[in-house]
Structure formats: structure tokens, C-alpha cells
Amino acid sequence: MYKIAKANLPALFRLIAENQELYLPVNTADQVNFAAWTEDAQVDLDKLKTVKSPKDVFFPQSENLYSCVKDGKKISIEPEALKEQNFVVFGMKACDIRGVEVLDKVFLAEPVDSFYKARRDHGTIVAMACHEPEESCFCKVFGIDCADPAADVAAWMIGDELFWKPITEKGEALTKLAESLLENADEAKVEAEKTAIRSIVEQLPYSDLSLEGWNGDVLMDKFNSPVWEELYKPCLACGTCTFVCPTCQCYDIKDYDTGHGIQRYRCWDSCMYSDFTMMAHGNNRTSQMQRFRQRFMHKLVYFPANNGGMYSCVGCGRCVEKCPASLNIVKVVKAFQKQGGSNS
Amino acid sequence: MQELISRIKALLADKTVDRVLGWKAGDMPYNPEPAYFETEEDLKDFVYDGFCGANLSKYMIEASKLEGKTLVCLKPCDTYSFNQLIKEHRVDREKAYIIGVGCKGKLDIDKIKAQGIKGIKSISGAEIDGAADTLKIDTMYGEKTCSYADAMLERCHVCKGKEHMIYDEIIGESKDTADGNRFDEVAKIEAMSPEEKFAFFQKELSKCIRCNACRNVCPACSCRKCVFDSNKFDSAQKANVVSFEEKMFHIIRAFHVAGRCTDCGECSRVCPQGIPLHLFNRKFIKDINAFYGDYQAGADVDAKAPLTNFTFDDIEPGERG
Amino acid sequence: MSIKENEEFRPKIVAFCCNWCSYAGADLAGSSRLGYPADVKIIRVPCSCRVNPMFILRAFEKGADGVIICGCHPGDCHYSTGNYYARRRMTLLFSLLDYVGVEKGRTRVEWVSAAEGVKFSATMNEFVEKIRSLGKNVRLEDLRCRN
């Protein structure tokens, strides 16, 4: 266990960023999101939740796959280069880390997504414990311990000091790099912080949410439930929940005509959109109710059915905070509970 | 609120209306959701308080397609949107029973949280009857307070007034909460140099995540299929790439609602990244007022909209304008 | 000074010309041997009010440095009133573009009749000069379209 004074963090960031990219929560125009560190970036480590999850660091909202360049009658195709430089993500929370594990299940399974894999291979994650969890958090429901996040390095911000514990080889390497700024510390303060965080988590209003009855076996019961018909009504069909979510992984592939060639890129897609999975024959989900149902069925039924019971919701609560119509996954689960379980 | 609920119950009971469009209490003190109520039993979850900011006019587009009459609760500013939708033949006046509900300013939970208040357990003072000047907020990290005015939505600081533009009956009192001029911010930007203007909008729009919440919540954006959703259109409605797409989207969206936007402020309220989207719409409103005479969309159903109208001696575009 | 720096800036200019007046005006300018810079690319539209704001943004996206719209004089529209509507739309759009930082000089509307070859040529020369002084447009350009 090491520690570093909060006042020394800019020096730490400068040191890390010397020969690799460093992503961390940065305040731009009053909103905190993960962004690359620069000398004038307004780093904000106190904000519990960034608006967007840090998934873009590994799976950017838009990224080029290849470009076709036209030169007279010759057309050349150039694939986009894979990430080759190492980088560090600082300040991911336990829920965000589980989010990346969910993405791993999707993108690292055969066929492996080479763009994603390259980023995962080159990224080192410094996770931070959640100092003061908020009312919209429900990570406990998914068995996540936000007091003791597990990544390459785990960190705790306690008062004016950041405690630092390397966990993996990548973490050890980063610790070695930052050696000159870190000093040895004992674990007592960290243990006390963990206890404090866990006791707050116990009191959170959503911590006792029960997911009983949500698993891969209840597919048709849940799918055919009349509850959806009631639930979806306030939904505006925007993509806010999807785009702030740390686990939503659907994307669309499009071509952009640059005037002198084509750039094929992929961008996040949202199951809330009317053109989601649109094919030549049309669309297989024609109503907003079906699209709304898709999102929650995927997170709580289809994904666990295919991934050994792992839910693809991590309880970060971003959708709870950001939905323009105040709908969210917690309300969905509660509505089903109220209707008396899985068969209604 | 009791008066409102008993009136609604009476209207449901005597079959004047078939359903009610209002707000349902959420599982937090600040997250009520728009909802339909069809029976007296359903109404036990009905709520109307300071957090009911959502403009229900937009939902009336769908409700107009349903059988029978829908009772809808509209705040003074929402009635402008409803009028505008009538003018555009998107809602059916005959199918709506409008209760104009009183409004003393609506609250923005993000403004409360921006004051460092977190772990909220309960909020008192946001009730519609006897709303307090100060909100008392019980959090997991102790008791906090916040002044009601500081927690109000941006749009309430430039309130259009306490009059309902259209209604069948009014229940509750309203208050004009304006304490600023709605064109001040626009004028401030107009006074900037082109470099500063660009830097300002670039910074704000770079946050856009292309979620389309602003479009989908907007009562003026009532097209069945948006041009940005067309697959024949070579710009994507969901990609944020090298900063052009979001600029295109926001400029075109603002233009498409120019002269029809009632300045209800829903776009800015719902933006997950807190982009002040009303600045685009208000620029158009300010220009329309300056060039073609004062016009408030939704105030008068019979007034001719500025962009479907002209005079022979209109101002010339561009530099000479 | 390198050769590249010495090179004169050649702006890309898109001119939307109405079929009935301005396009004929351009034709007259040509047949009268009146010159205007080759930097101006003309796109013929049925009426100035056919110009959708999206066309203008699209032109800037693809690298245009200035956009000019030419139509019949107010009162002379082939469809009676098209240019009156165009006038209002463009007034508002250009004002908004100025508001987001695209200088007013980069956008322009000019009324050119079929008989005004001289005016067409003079307008284009003037506009190109103006854009040259403003330099390259980088504010509404899509970087993917760069060579």
C-alpha cells in the first residue's frame, strides 16, 4: 500500500502522461466526463459519476474501421491502425469496471473484436473507491463492492491523501513508474474507509432491490407480460439511457462519403431508436413498447442466459439520474415485483 | 393538490374523460414520471409538485389517437405548446380536457445536486400547496437546505407569465417567477467576436452525445419521421464524429422549429450533458421579434407564423441585414 | 518563403442560382464575355426558396469557404412568392450562423435578374474577394472531407 498527497496528484498525472495517454474525469463546460489529460484540463476526482461512463475509452462512441481512398481510377483500402501505445485510465469506479467485464464478454468472445482487444491490452486501469455513494447507486444488487474495486491498481481518496494499491502486473509497472511520488502507507485508514463506505451502501434506498425472478429461464413469461404495455408509455424513445450506460454495446456501421473516398465507421446505436437493427425487409421491432422491452430484457434476461447468469446492468444509476422521463431499470424491476412476480 | 385530485376523480366518475394524463410519483422524492391514469385506484400514485417539469403537450399527440377524451394537466407554459400543436393539427382539441394547473416555478434536481447535495432521502418544500422559499433536504450526509429560487429550472427564471393560453378549467394558483430577461444570454453571445462565439458553441456542443432527447421531448419536433432518422440521409443521427455532425444537427433542428418554438425550455431541461440548447431557439425568437415584429408561438392559434409569411419590404439577409 | 506559402489562397465558393433569373444572368455574363473567378461553382435550383438550410451547411461541411444564393428580384419570382420566403429563411439562418461564429461575410443573398449579367459578374468578383480576405473556413468543415 502506498499513498500520495492530493496536492501532488497533478505531478503524478504529468509523470504518467509523459509517455502515454492518460484518461480521467475532466470538467468541460460544467459536466464531468472521461477525457485525455492535458496541462489545462480541469480534473475532477470528487464527482462520483461522470455523465457518460468511461466505456468510450475502450469502445469509443464513433471510430473508423477503414477508409477507401479514390485516386483517379485507383481505389485503395486502408484499415484503421489498432491501438499500439499504452494508456492509463484513472478513476474508474467499481461499477464501471464491471461494465468493462460485461463488454469483455461480448467483444473478447469469438470472433474477437480486434479494435476493442487492442485497447484492452494496452490500457491500465486505476480504480477508485466510491467515497460517498449516492441515492441512485445500486451496485450492491449485482454483488459489486464499491469500497474495494478490483482493477490494475485500486485507489482510495481519503481526506487529503490518495491511497494506492497495485493489484496486477500492469498495476505494478505503473506503480514503478510513479515510484518517486509514492510513499509507503499502512492499511488502517483504508480499512476504516472501506467500512464507512459499506455502511453507507447498506442504507442506500435501492440496495435492497431484489432481482428474484430475473434470469435466463423466465424468458417467455417476462417477454409476454402485460406490464411492458404500461411501463413504456412515458418513454420518449431517446437514447440517453443507452449512451450513458457502461454496458450497452450495440453499434451500427455506416459509410461516410468524404468526397474523395469513403470512411467506414462504427458508432454506438440505441435499441430505443426506430432504425435499430433495420434491415432490407424493414424493422423487426415496430413499436416503442417492443424497443423498450428489448433494452430491459437484454440486460436482465437475455444477457444472463448467454453469460452464466451475469447481468448486463451494473447498478451505476446513470440512467436513473439522466432519463428525461424519469424511467429506469429500477422502476421496471419494481413494477414487475408489484405485479406479483414472473408470471404476470 | 387535493382539490385537483378530487376534481379529476369526479371527471373520471361522470365519464367526462376516459383517462388522465398527469404525473405519477416516482421512487425518489424528485423523479415523478408522466403517466396515464384510468381509474380512481390508479390515482393514488398521482402527484403534482415542484418536480413535475415535464411538458405533457407532447404526449397529447399520441393521446389524440386514442378513443375518447383525455384529461391533461398543463402548466401555463405548457399551454403555449398545446396551442401550437393545435395550430399544426397534431392534437385534437375535441379529445382533450385541459386542466390548467397552477405553477410557482419548477425545480431542477441537477441544480440542487450542483450545490454538492447528494444522497438525497427526502425533500420538503417542493409541494405545490404552500411551496416554501427554502427546500429542506434530508440526505445520507446530513440535513441540507437550498433556496427554491436557486433550484428552479432555467426557463422559470424567464417565465412567460402565469396565464394559461388554453384550458377548460384552472385549478390552483400560478406565480410569475421571472427574474431576468430571456434574451440577455443571447445578447451576451451576440456581442462576442466570431472566434469567441465559435469557441463557446464548440465547447458546449462537444459534450453532445447524440441521444436525441432534445428532439424527442420537443413538442415542436412532431414529425412522424425526422429527417435525421432517414437512412437516405448521409449524416447519422447518432454518431458524434469530428464535431461536425452535432453542429449540423443542432443548427438544423433549431431552424426547423424556428417560428414554432414556444421557448418551453424542455430541450435544455432534458439534456443529459446540460447543453444550453435554448440559446439557439431564443436567438431565432429574438431575431424574429426584431425583424418581423413581436411574435410568441402558441399565444394565438390564428396568428400567421413568421416563416410561412412575408411582407414586400422585409429586411434583406446577410451583411445588409 | 516556400512555394506552398507563396501560393495564393483559392477559396471554394458554392453559388445556388435560381433557374429563371440568376442562372440566366450567369449565362448572360458568360456570353457577354464578362469574367468571374472559376472558384465559384454554380448549382442550379428551380427557385431560391428551394435552397434548404441543410444545403448550405452541407456545402460548408464539404469544404466550401463561402455560400451565395442568387434569385429573382423580390416581386419577379417565377412562382410569384418563392423568393419572399427564401428571404426570410436566409435572413434568420445567416444570422444564426453568424451567432455560432461563422462570419457574416461567408454567406450572402443577391437578387440577379436574367438581364443582369454585369451584376452577376460584379457580385461574384466581390464575393470571392471578400472570402479571400476572410480566409479558409474551418468552423463548419467536416475534417473527414479534408484531402
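For reference, chains read A, B and C in written order, and residue numbers begin at 1 within each chain.
By definition in this document, a contact is a pair of C-beta atoms (placed from the backbone, for glycine too) under 8 Å apart; a residue touches a chain by one contact, two chains touch by 3 or more.
Computed from a predicted structure; not experimentally measured.
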{"item": "Identifier of the chain whose CA centre is least distant from the whole-structure CA centre", "value": "B"}
{"item": "Pair joined by the larger number of C-beta contacts - B-C, A-C", "value": "B-C"}
{"item": "Computed distance of Cα centres, chain B from chain A, in Å", "value": "30"}
{"item": "Chain B-chain C separation of Cα centroids, rounded to whole Å", "value": "37"}
{"item": "Mean-CA-position distance for chain C and chain A (Å)", "value": "46"}
{"item": "Multi-chain contact sites of chain A, meaning residues that touch two or more partners", "value": "256"}
{"item": "Sequence positions of chain B contacting 2 or more other chains", "value": "241"}
{"item": "For chain C, residues contacting two or more additional chains", "value": "142, 144"}
{"item": "For the chain C and chain B complex, residues of the former touching the latter", "value": "53-54, 57, 61, 74-75, 81, 84-85, 87-105, 107-109, 139-144"}
{"item": "Complex contact set, residues of chain B against chain A", "value": "26-28, 31-36, 54, 59, 114, 118-121, 140-141, 203-204, 206-207, 209-213, 215-217, 225, 229, 231, 234, 236-241, 269-270, 272-275"}
{"item": "Residues on chain A engaged by chain C in the complex (per definition of touch)", "value": "256, 258-260, 263"}
{"item": "Contact footprint of chain A on chain C as seen in their complex", "value": "62-63, 142, 144-145, 147"}
{"item": "Interface residues, chain A side, partner chain B - complex", "value": "28-31, 33, 48, 51-52, 61-62, 132-136, 200, 203-205, 233-234, 236-240, 242-244, 252, 254, 256-257, 265, 267-270, 273-275, 278, 320, 322, 324-327, 330-331, 334"}
